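Read from first to last, the chains carry the letters A, B, C and D; within each, the first residue is number 1.
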Amino acid sequence: MSAPKKVVLAYSGGLDTSIILKWLQTEYGCEVVTFTADLGQGEELEPAREKAIMLGIKPENIYIEDLREAFVRDYVNPMFRANTVYEGQYLLGTSIARPLISKRLVEIAEETGADAVAHGATGKGNDQVRFELACYALNPNIKVIAPWRLWDLTSRTRLLEFAEQNQIPVAKDKRGEAPFSVDANLLHTSSEGKVLEDPAEMAPDYVFQRTNNPEDAPDEAQIVEITFDKGDAVAIDGKAVSPAEMLTQLNELGKTHGIGRLDFVENRFVGMKSRGIYETPGGTILLEAHRGIEQITLDSGSGHLKDSLMPRYAELIYNGFWFSPEREMLQAAIDKSQELVSGTVRLKLYKGSVFCVGRWSENSLYSEAHVTFEDDAGAYDQKDAAGFINLNALRLKLLAARKRRLAK
Amino acid sequence: MSAPKKVVLAYSGGLDTSIILKWLQTEYGCEVVTFTADLGQGEELEPAREKAIMLGIKPENIYIEDLREAFVRDYVNPMFRANTVYEGQYLLGTSIARPLISKRLVEIAEETGADAVAHGATGKGNDQVRFELACYALNPNIKVIAPWRLWDLTSRTRLLEFAEQNQIPVAKDKRGEAPFSVDANLLHTSSEGKVLEDPAEMAPDYVFQRTNNPEDAPDEAQIVEITFDKGDAVAIDGKAVSPAEMLTQLNELGKTHGIGRLDFVENRFVGMKSRGIYETPGGTILLEAHRGIEQITLDSGSGHLKDSLMPRYAELIYNGFWFSPEREMLQAAIDKSQELVSGTVRLKLYKGSVFCVGRWSENSLYSEAHVTFEDDAGAYDQKDAAGFINLNALRLKLLAARKRRLAK
Amino acid sequence: MSAPKKVVLAYSGGLDTSIILKWLQTEYGCEVVTFTADLGQGEELEPAREKAIMLGIKPENIYIEDLREAFVRDYVNPMFRANTVYEGQYLLGTSIARPLISKRLVEIAEETGADAVAHGATGKGNDQVRFELACYALNPNIKVIAPWRLWDLTSRTRLLEFAEQNQIPVAKDKRGEAPFSVDANLLHTSSEGKVLEDPAEMAPDYVFQRTNNPEDAPDEAQIVEITFDKGDAVAIDGKAVSPAEMLTQLNELGKTHGIGRLDFVENRFVGMKSRGIYETPGGTILLEAHRGIEQITLDSGSGHLKDSLMPRYAELIYNGFWFSPEREMLQAAIDKSQELVSGTVRLKLYKGSVFCVGRWSENSLYSEAHVTFEDDAGAYDQKDAAGFINLNALRLKLLAARKRRLAK
Amino acid sequence: MSAPKKVVLAYSGGLDTSIILKWLQTEYGCEVVTFTADLGQGEELEPAREKAIMLGIKPENIYIEDLREAFVRDYVNPMFRANTVYEGQYLLGTSIARPLISKRLVEIAEETGADAVAHGATGKGNDQVRFELACYALNPNIKVIAPWRLWDLTSRTRLLEFAEQNQIPVAKDKRGEAPFSVDANLLHTSSEGKVLEDPAEMAPDYVFQRTNNPEDAPDEAQIVEITFDKGDAVAIDGKAVSPAEMLTQLNELGKTHGIGRLDFVENRFVGMKSRGIYETPGGTILLEAHRGIEQITLDSGSGHLKDSLMPRYAELIYNGFWFSPEREMLQAAIDKSQELVSGTVRLKLYKGSVFCVGRWSENSLYSEAHVTFEDDAGAYDQKDAAGFINLNALRLKLLAARKRRLAK
């Protein structure tokens, strides 16, 4: 790979990406464009602008964007239409944020005439894969620079030395090492590494940043109603809200009630296991709500097909294949199933749990006439069941008859 | 179907199956054998014997059996090896009990020379299908009699009249109709029908029989450790217990902490939706525990394959195909995956929730050496990631290049 | 079911459906509307009109329609986009014709104010299921009458008696029984029953009606080129043709070269096995051609996903669930994959075989630059393979290390 | 990776692996062990011994083994139990040979105290992946050396120079470049590269080495009978033969009749498409035969599950994951299904085609009594079909009723 001339850097304003910024300048002598996105991580963005200017970035090369609505509308919501969980439990909060960041990196590169993009993900994790696959899928000619795989700043000491040598200010609390590593966006906060590396040990309380401890949550349960339209949550307690506002409000509810904590050991795409603590307060509520509305608006054919496709869909997102034709094929199938997934669910939130306790819809397929223990006025002829069973049993009988025949 | 000469009846000793018993005698003039099984439903069985004798059953035709160990060992445990949930949430507590009852019905028929078996499931539900498919799969020549699909006792009034005409004692509290219908065994209690028929309405508190209300559960969390061997739970807090004893103890824990309640609308195999309230206290704990031990003992290849097979496996059990060759094929695959799923998990139980908060095993595949943020002493070469990404990206680049070529 | 007042009958004009027509009139005293469709079965339709009039049908109640274009465009082509085969080999020629016939039956019923439809499929086969599921999926209130399951005309003798009693003319060659039963449309001809009932016995030569015996086919191979657009065949040897014309021409080619014969034992949805002889000359060519064009225009992600969905998709069509939401979900995924499946394949036809021997497309993803054994000018860095392999191997190494550890 | 001390080389005795042998010696100064296996590629093995000795290999370091029986018994046969085809058509002849070679490489390394193995696969293909994943799965500490990814002998000229400099004799016909590249074993011969690189162009006749041109095959069809036991072919025309002998005889038959040619563009695991010409004469016959015997001995539940698992299973083999836990899980499921797949099929071979034209078995599930058009003596009650259809239709009716309700 020839040296890049102009690089768009995914820039948080923090110490690590500031070091990367400087390293790109010194290593390649290249122009750097910074891209800082608000995906709901809960940090102010303007300090990143000041810092970028201080590090010599031209004002016109500083991109700061609020992507929260696009994030929820175009990524989180489509994913939740599939009731997506990775390895049975993980709601993919980190994975789903990477495609959007990558998309903007590539677009800004094209707008600014940059020939490369750079990210701050390490060489052991999934995020490098997600960033790079997404970038390559959107622009086959882009260069992607992953400094953590390239440079020799392989210890905390060397990083801090580099920072000092390059006049990068280091906040006092960054001089020591963080006891674990954090990623956050509107959907979740993940924590991993260091104090969390032994999966036998309970995560210490101070790891949790986004949710109350269930023990500290209110002693009273709270009831909330969420309304869906075509598979997406659109109103809360009857009030229409935007996608990002919905997730923000659900996060607030989830935080209060200590909902959405997960202590998890997962299989990374790069082949190793890792342990993470995930907090997904709003997403956990959203998943239960979406399942609830599907219970009455999806028939078994759609529902069972969705269930069987979901693990593959989750794996694609986890592995970084959002912009792949097979993810798009699955999305087409999933979205087709959601056309009438509209209605309202009632949820009970209480000390770490969320339960669906009611659901109704104009599109409901639930037929009290058919299911009732009372007289059904002819909606269902119980005699049909005999024929249904007999023909479903036919092959089993033929198998059993063979077994008996052969046993003789 | 010609009239049966001798029928083995799945007999609970309750009013409904007593009426069936009498009806079989009067309708067919046939000999009746009663079979009453303890699957952990929490009722005494000896009253069933007295009642059967009172209804004219010969002592040698009365079978009363404690099947709890066989139930957990041969049905519940194999099912939990797959982390089985139906339609995302239901732990299949009713479904999994039917094959064992059917198996004993058929075996007793063969021992006693009976040509038929009979069950008390209605013509609208799944249980009729499960009983009959299982019976036919075990004996292709057996007759299965489903009185609810045959007789004209189609109202409560007529049932009670029949009981009176036939000297079947009716307990006072059975004269009125129950406000909902219940099925119970060691794995779960289900409630459905009548007051539960509107899925928009919250289930009244009195429906729950098997678990404390989370609000009434202890204010202190409890920690418990479960040890697995080859995918099955074998010890609790270090003490080895039998399969049924394990589930009994987990039920006790779950009950205390209000764990395992589910308000659910599901798709019945016979084509309609129904709403059920399920309480699966021990099973809910067991599922979380099993997932926890798999996290460190299964690799991603096994785990993802299991996840993708599970929905089909769950559907087979739900639909009554336990004794089918395809369920056995899936079981062979699942059991193969469990050979090294051994170790211990630590769980936190608190007010309706169960969380895995630690797991360890001699068979662990978790490698701190590989995943560590610290120096890994060469366990993992971060440069490998570049090649891994580049080749995974290759087809995406070719797709992107085509897109650009065609856009020109 | 109350008696129907007006029935739309799927009417071929042959003896069996003429008997049904009369039976409907006499059994129910109802008005009958006849519907006769040309799906390419190769029979004249006008005689059906004369016969219907002779049997007392009012001219305005006689519907005769050429559905060949709709059949190929809306049913055959979508199905071939998925490379659909049932149980490894069967091209679903009968199954795919039923939804369209059912759709027209229901539409004509609505146009003419009929409350029922009727078909001539027997109670042992799949076609009854396909007709009825399709009709009910399109109109939940329609009555479907299946005389073969209802009447007492259970032998050839009684059928002929009924015909005579009702002045239905019986062609001389219909007095004896046909040696096997035939279904035909533009996609295939199936033969089954009677002389074919022993699956050990070779089908006699006279069974084959639609294809030359390969031994009698030309001694010279023929080359043909088929062009696809978005997954559908649109031109043959460079000449654009309509969907039905395409299949007609491919049938002619397949017939000449003895292509598309299949001797098959399949599993019917109703639970039994049956043996059929299928001739699908054009369809067999089309399948090979479609696979050929996909080879260069689909990437592995799309292709492998399609392959994994296909068996389920085929099963749905075979079982009669064309008008189900899950078939539509799968179709959405499949159609998404076909957007760039355009280009041309060259085929060699010879004595029973069709081989793809060349394929090219503006949308080709084949990159000679990448694959070449010659110097690739840097398109592919072979060193990337080491990283790719190392990370794919990582979990296998961890598994192997565990195995060795435990063996000690 | 530190330099290897002793290397087991997969050695064919040909020019390329002789150069590798020498390169290993000169590059690493290491001891080389040669391993030459007969997998039915049709070449004499003893010349490899002479050549190895000439290149300085100690006699005790020369391993020459006939693995044909193990190859068919332990690899080919298990794979054919699944009716395995990759991307719809390819019988995986190359892929399936790699695990056995890898297994012996690793075993010989352990026997001889070698710390590394080496292979002659290039950096662009699948075989490097297959060799290396298999080796690492069997020994996590082994080093695998892939000279084609390491050395600078990147052109034919430089290879020949190296050969000359190192006294490696070069056969006259190897001085020019081969017009395509070949791999062969008992299952197939593959040809790819160079003259075959344009997928639009027909493969020239001289590429085919293993099968007659169908045009040159006998004008008379030949009938052959193959007997299966538990899914494996065990006798031909009534004569029991060993696994390798079976495939050898089928190859002879296939060659004669021009069966098993495939012109194919496939997706390599490393991300690019490649075009290959495959000849799999015996395997093509075996696949048709196995499908034929399954038609009567597998029920639909097993068969459909197998069909749905097969694409994933094929992908695993193609990608080199034979020794993975998920392949073993799938194998357990597949093998479970084969327990009663025993019986005989009759095949017709003619000018490029193989057709199953008859099949019979003591284990047959085909029931003439059920399927017959004649009187079935009560084996099947056609009235059952009504109930079967009504309950299968129920959800479709509920969906249709909703649609109508919403349309109002």
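Some observations on this one:
Following the convention adopted for this analysis, a residue touches a chain if its C-beta (ideal position, glycine included) is under 8 Å from a C-beta of that chain, and two chains touch if they have at least 3 such contacts.
This is a predicted model, so every value here is computed, not measured.
Residue numbering at the subunit A/subunit B interface overlaps substantially, since over half of the positions present are found in both copies. Across the two candidate interfaces, C-D and B-D, the one carrying more C-beta contacts is C-D.
If you average the Cα atoms of subunit B and of subunit D, the two centres end up 41 Å apart.
Note: centroid distance subunit C to subunit D, computed from Cα atoms, is 31 Å. Multi-chain contact residues of subunit B, defined as those touching 2 or more other chains: 267, 270-272, 299-301, 304, 312, 321, 324-325, 364-365, 367, 370, 380, 383, 385-386, 388, 391-395, 398-399.
Taken together, the touching pairs cover every possible pairing of the chains.
Against subunit A, the residues of subunit D that register as touching in their complex are 299-301, 340, 362-365, 367, 370, 380-381, 383-388, 390-392, 394-395, 398-399, 402, 406. The residues of subunit D lying in touch with subunit C in their complex are 83, 87-89, 122-124, 128-129, 132-133, 136-140, 146, 148-149, 154-155, 181, 193-194, 197-203, 214-215, 219, 221, 261-268, 270-275, 291, 295-296, 299-300, 303-304, 307-308, 311-312, 315, 320-321, 323-325, 346, 350-353, 355-360, 364-368, 370-375, 380, 382-383, 385-386, 388-389, 392-393, 396-401, 404. Within the complex formed with subunit D, the residues of subunit B that make contact are 267, 270-272, 298-299, 301-302, 304-306, 312, 321, 324-326, 328-330, 332-337, 391-395, 398.
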